[in-house]
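Structure, as structure tokens:
Think of it as A, B, C and D in the order they're written, each chain with its own count starting at 1.
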Amino acid sequence: MTTSKKTYREAVKDALCQEMERDETVVQIGEDLRGGHAGTNPDLETKKVEAFGGVLGVTKGLWTQFGSERVIDTPITESAIIGMAAGAALTGLRPVAELMFMDFFGVCYDALYNQAAKFRYMFGGKARTPMVMRGMIGAGFSAAAQHSQSPYNVFAAVPGLKVVVPSNAYDAKGLLIQAIRDDDPVVFCEHKTLYDTKAEVPDEPYAIPFGVANYTRQGTDVTVIALSAMVGAANDAADRLAAEGISVEVVDPRTVSPLDEEGILESVAATGRVVVVDESAARCGFGHDVAALIATKAFDSLRAPVELVTPPHTPVPFSPKLEKAWLPDAARIETAIRRLVAN
Amino acid sequence: MTTSKKTYREAVKDALCQEMERDETVVQIGEDLRGGHAGTNPDLETKKVEAFGGVLGVTKGLWTQFGSERVIDTPITESAIIGMAAGAALTGLRPVAELMFMDFFGVCYDALYNQAAKFRYMFGGKARTPMVMRGMIGAGFSAAAQHSQSPYNVFAAVPGLKVVVPSNAYDAKGLLIQAIRDDDPVVFCEHKTLYDTKAEVPDEPYAIPFGVANYTRQGTDVTVIALSAMVGAANDAADRLAAEGISVEVVDPRTVSPLDEEGILESVAATGRVVVVDESAARCGFGHDVAALIATKAFDSLRAPVELVTPPHTPVPFSPKLEKAWLPDAARIETAIRRLVAN
Amino acid sequence: MALNKQELLRAYRRMSEIRAFEDRLHEENATGDIPGFIHLYSGQEAIAVGVCENLRDTDYIGSTHRGHGHCIAKGCDIRGMMAEIFGKDDGLCHGKGGSMHIADLSVGMLGANAIVGGAPSLAIGAALSAKTLRNGGIAASFTGDGGSNQGTTFEAMNMAVVLRLPIIFVIENNGFGEATGTEYAVGAPDIAARAAAFGMPAVKVDGTDFFEVHEATRQAAERARDGGGPTTIEARANRFWGHFEGDAQLYRTPEQVAELRRTRDPLQIFRDRVDRKKATARELEAIDEESRELVGDAVARARAAAYPPIENLLTDVYVSY
Amino acid sequence: MALNKQELLRAYRRMSEIRAFEDRLHEENATGDIPGFIHLYSGQEAIAVGVCENLRDTDYIGSTHRGHGHCIAKGCDIRGMMAEIFGKDDGLCHGKGGSMHIADLSVGMLGANAIVGGAPSLAIGAALSAKTLRNGGIAASFTGDGGSNQGTTFEAMNMAVVLRLPIIFVIENNGFGEATGTEYAVGAPDIAARAAAFGMPAVKVDGTDFFEVHEATRQAAERARDGGGPTTIEARANRFWGHFEGDAQLYRTPEQVAELRRTRDPLQIFRDRVDRKKATARELEAIDEESRELVGDAVARARAAAYPPIENLLTDVYVSY
């Protein structure tokens, strides 16, 4: 299998493209996935120009390859986008709906929360809803309070949904391919600050199974559990501490739901000390979920309090200086680790 | 101050009514708060009949007393209801918007999540949004997957919101009065199985401050933290165990946000053993939030793993037999307590 | 277009089954043995049947909280429905859904839906599938006058026009959303005209008249199958029972309801209008009798059936997890 | 209704300030010193100003992601706006909001809004306050052609009709929602007619012509203040820059944009149509010059200003907690 250096953005596109090639029932639905419908530039028609290819260019090229029937630009109408995707998934398609920014789930959540997620159960097992809702999460772009959130904790609380939060280009491709092939509704969260990060990514399609954590770094003193952009921050902290002889294990669960409970508990059993880093929320977040897992199931191996590193209980501020202080970073993770090893 | 036995339903109505009497800027907004607009029964006009007074009769009487300008029946249009309430709260009213079933937040969440909750922060402290969104939560009525949920964990995760979950009639009145007088947006969750429960409730208005837990029962062996309908279940379990000499403390935080961290930690410090009972979710729920609080801040006094009693990670089933198995109850709480004291 | 004898009898049977089902449920509910909320469809039979008689098993419908009529019209098994409503394992959803979530994808029924305004966007999804897979299928969504005010309904309409989807939006205007009159809650003078302004053909029909509903749907379905895009049909009818079982119906008088039952009964209107050479009074009465028997049998079986085993609590959340 | 000299010069000054503000921001943004997303309003000045010149400080507006023009038209302090956009503590929101959340309730500006379709339901809330408090106030919401497809917008329209709220729904049709043309995304032939079907007066105006917008709004505001309920105004104009700063604008050609700037410039059209006896070329030029100076000063101050202190991260989440 050949590989090449690809950005996270390219990895996502790769997955979308290869699954569309493989399976005719895969369609993309969203706003400005192409861009330019009913535009005035004559090139749009004559040269088949894609005016956007997604706001941040993630879907660029797909419309050219697959056309308007499979790369479906819509009005600004998220509740119809997600509802339509859910209905289409019930009836023979594998739609991938783009929400652009996950912050927008507030205008369309019913279609996912009360509909797609619950069909199978409510209908006594007689439905499959193979849809993906993908969109951007994360702070760091000064996009302010309504364009910087990471509500994967909210999605993970919903039985029936699967929730995927890749931290690097390799995982992004493999997990998105799995998401599209999966027969359950999947929420796929792309961190906007990761789009330009690169990794070696196989050119061929491959699927990474859900619920299998990735030990991005092995260590013996402290376990750090981190997702998405926080994995990089955790590894930076671990790098710094390695010089001092503190050995940190960094576990990236990759999927919030299902969660690799065993993988997490195993690592905690070995180290007895754990830092959970989470961008989702200061209350009722993913971090609390993992901390609760540990408090209920790994208590006996714990040698110190669980350390939780989250943003404060405030909206995401606009000003870069405040936003930087809002976001968990390597320095805060390092402090937490030091507190633990001193314990 | 005179008191009388009142149901939880009457207590809620009392609060609404007395605050409307006290403050002309308090208005009610919702579907069928009166019921009967444009109906065909001539009595509606001539005798000012209220056809509904809320689906479960909670607002019955308010329209008669206050009229259509202050008890505002709306079309079925939750996003306009909550958005309108948010806009009205910014501009001089104290709206109380009824969502009927909290499960419906999926069709209108943006108005609360991205708007009302964030105004004050985004606007640099220059806004007040004194609104209440009230609605029913809870399983136990065979209302099935879309009418039985308790998403207060989701609300509590949002900075800017306050979240209130009263467990009895006395608290319901005092907390709702506080909610209406409060200058921040408040989500007020009424458990549908509690409406007919009774308590001694003062006839005069009174406000219960947010963030102050209620020790519904003092004990020394185990702390049980429970909210809403689960408080009754926890006390039932405690009753049974008392006969065997097991002394259980039952703490009802009453508000999920703000949370009385100190009150919880104090009790846990004293008992060293804790059961958290929560109906909201099997993942990323309020229970996990409290367990995480304990794992991070009360680790040293903990003598056993935290016990978490939640529903399974499934939608709420319809069939009464399954629903009963879904809902945490006294028996499951008892088992958890026994496991702890055996530890 | 004139229907033949077989078609007429089949349509009447469906309406008759709905009536028997709902009126019997009203009685059964009084025993206290039925869990949860029940919303009865009696009075609106000609809408569900008039629409669905134009649909194939491979076409899809989205439904509402008041979904029993849609289910029967689309061909759901009546015994399975009744068992579901009683919360039994034999139910179409094995007791996990209940009255408000009855579904059977094998006959194109996408589920009753307890979220008002939930169906239209799901139904355009089914229409998208049909269009993309080029299988000649179409979809229909049922929405009440109340649900016609939800943003989700409007968005689905605009999307359907933009993508030229093969869908029929059926608005069942029964005069009330819960206890609130349509004239209060719908600000516009006209629900159909509101839909038309989204850029699609929209017609108003008498929803108590099977023949009117059937013909309007026939034209809409033909247009949809031919790639002509969406249509809205506003059908005016009345519900004969309360909003839900237990509703005191203070918004109208018992005399008014009695009058509606006398003058606006879709079954009676069918009997009055049908070509007696194709369907005799005797034949129709026999159908009514059979419907009541079928429903009686369904009730007996449902009552006798077992509740789901407790292990089922945890199954069917995911295909795999 | 003819405006007097003072009114005309005031209106022109507001338009001129918006133009100066936005065109300067375009330059400043190129330096890389402005955080976040920026959406410029140039080309649509006559809409914001034509509407807001009919409003009082105690009236409210709801706005969009493209909100600078609305802010200036409603009387927000220009220096405070610029400092906000640079993320400084002197900003109207102390740097916590940025371009997409500029608000000043003291002049009736309910905030720019980064959620498309967010404003209409907030604005009807302000209208409800005015109606309930009987203070003679009204509200207006600005929504784009793209945002006109959101369910939230439709729901607000229906609610406003039902409750007869004193509100004006302004639809700014600039031909595009991001990179998608209005003709594609709006399935209906007409946004105004879609609003009219909700049961309110709805008019279409040339949004490059201040006088047309002003007169239509005057009538709508009068009706609203008199208890006559809502109105929709669809105003057609063009944006002169990309959707956001950084947009390559592949959906139209540079020549087309140049042509729009030549033929559809609201400031030029104002200058062409204004009564020269009331506003001389010299006077208008002086205003343009003053606007640029004001904005230049705002930029200088914003650049020099301090970022918010780190402690502010935790303030202003709640009034009390």
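Criterion: contacts are C-beta pairs under 8 Å (C-beta built on N, C-alpha and C of every residue); 3 or more make two chains touch, one makes a residue touch a chain.
None of the values given here were measured: they were computed from a predicted structure.
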Using only Cα atoms to place each chain's centre, name the chain farthest from subunit A. C
Compute the distance, rounded to whole Å, between the mean C-alpha positions of subunit B and subunit C. 35
When the C-alpha atoms of subunit C and subunit D are each averaged to a single point, how far apart are the two points in Å? 45
Cα centroid separation, subunit A vs subunit C, in Å, comes to 39
Going by the contact rule already set, what residues in subunit A reach two or more other chains? 74-75, 77, 79-80, 104, 106-107, 110-111, 114, 121-122, 144-146, 159-160, 312-315, 317-318
Hey, what residues on subunit D touch two or more of the other chains? 93, 95-97, 101, 113-115, 149-152, 155, 158-159, 162, 184-187, 317
Once you draw an edge for every pair of touching chains, what topology comes out, line, ring, star, complete or other? complete
Can you check the complex and tell me which residues of subunit C touch subunit B? 35-37, 87-88, 93, 95-98, 100-101, 113-117, 146-147, 149-152, 175-187, 249-253, 256, 307-308, 310, 312-314, 317
For subunit D, which residues count as touching subunit B in their complex? 60, 62, 91-97, 101, 103-106, 110-111, 113-115, 118, 120-133, 139, 151-152, 155-156, 158-159, 162-163, 315-321
In the complex, go through subunit B and note every residue touching subunit A. 79, 103-107, 109-114, 117-118, 121-122, 144-146, 151, 153-154, 156-157, 159-160, 257, 259, 280-289, 291-292, 294-297, 299-300, 302, 304-308, 312-315, 317-318
In their shared complex, subunit C is touched by residues of subunit D numbered 149-155, 157-162, 184-190, 193-194, 196-200
Using the touch definition from the top, list the residues of subunit B that touch subunit D in their complex. 25, 27, 69-70, 72, 74-75, 77, 79-93, 95, 110-111, 114-115, 119-128, 159-160, 162, 182-184, 211, 258
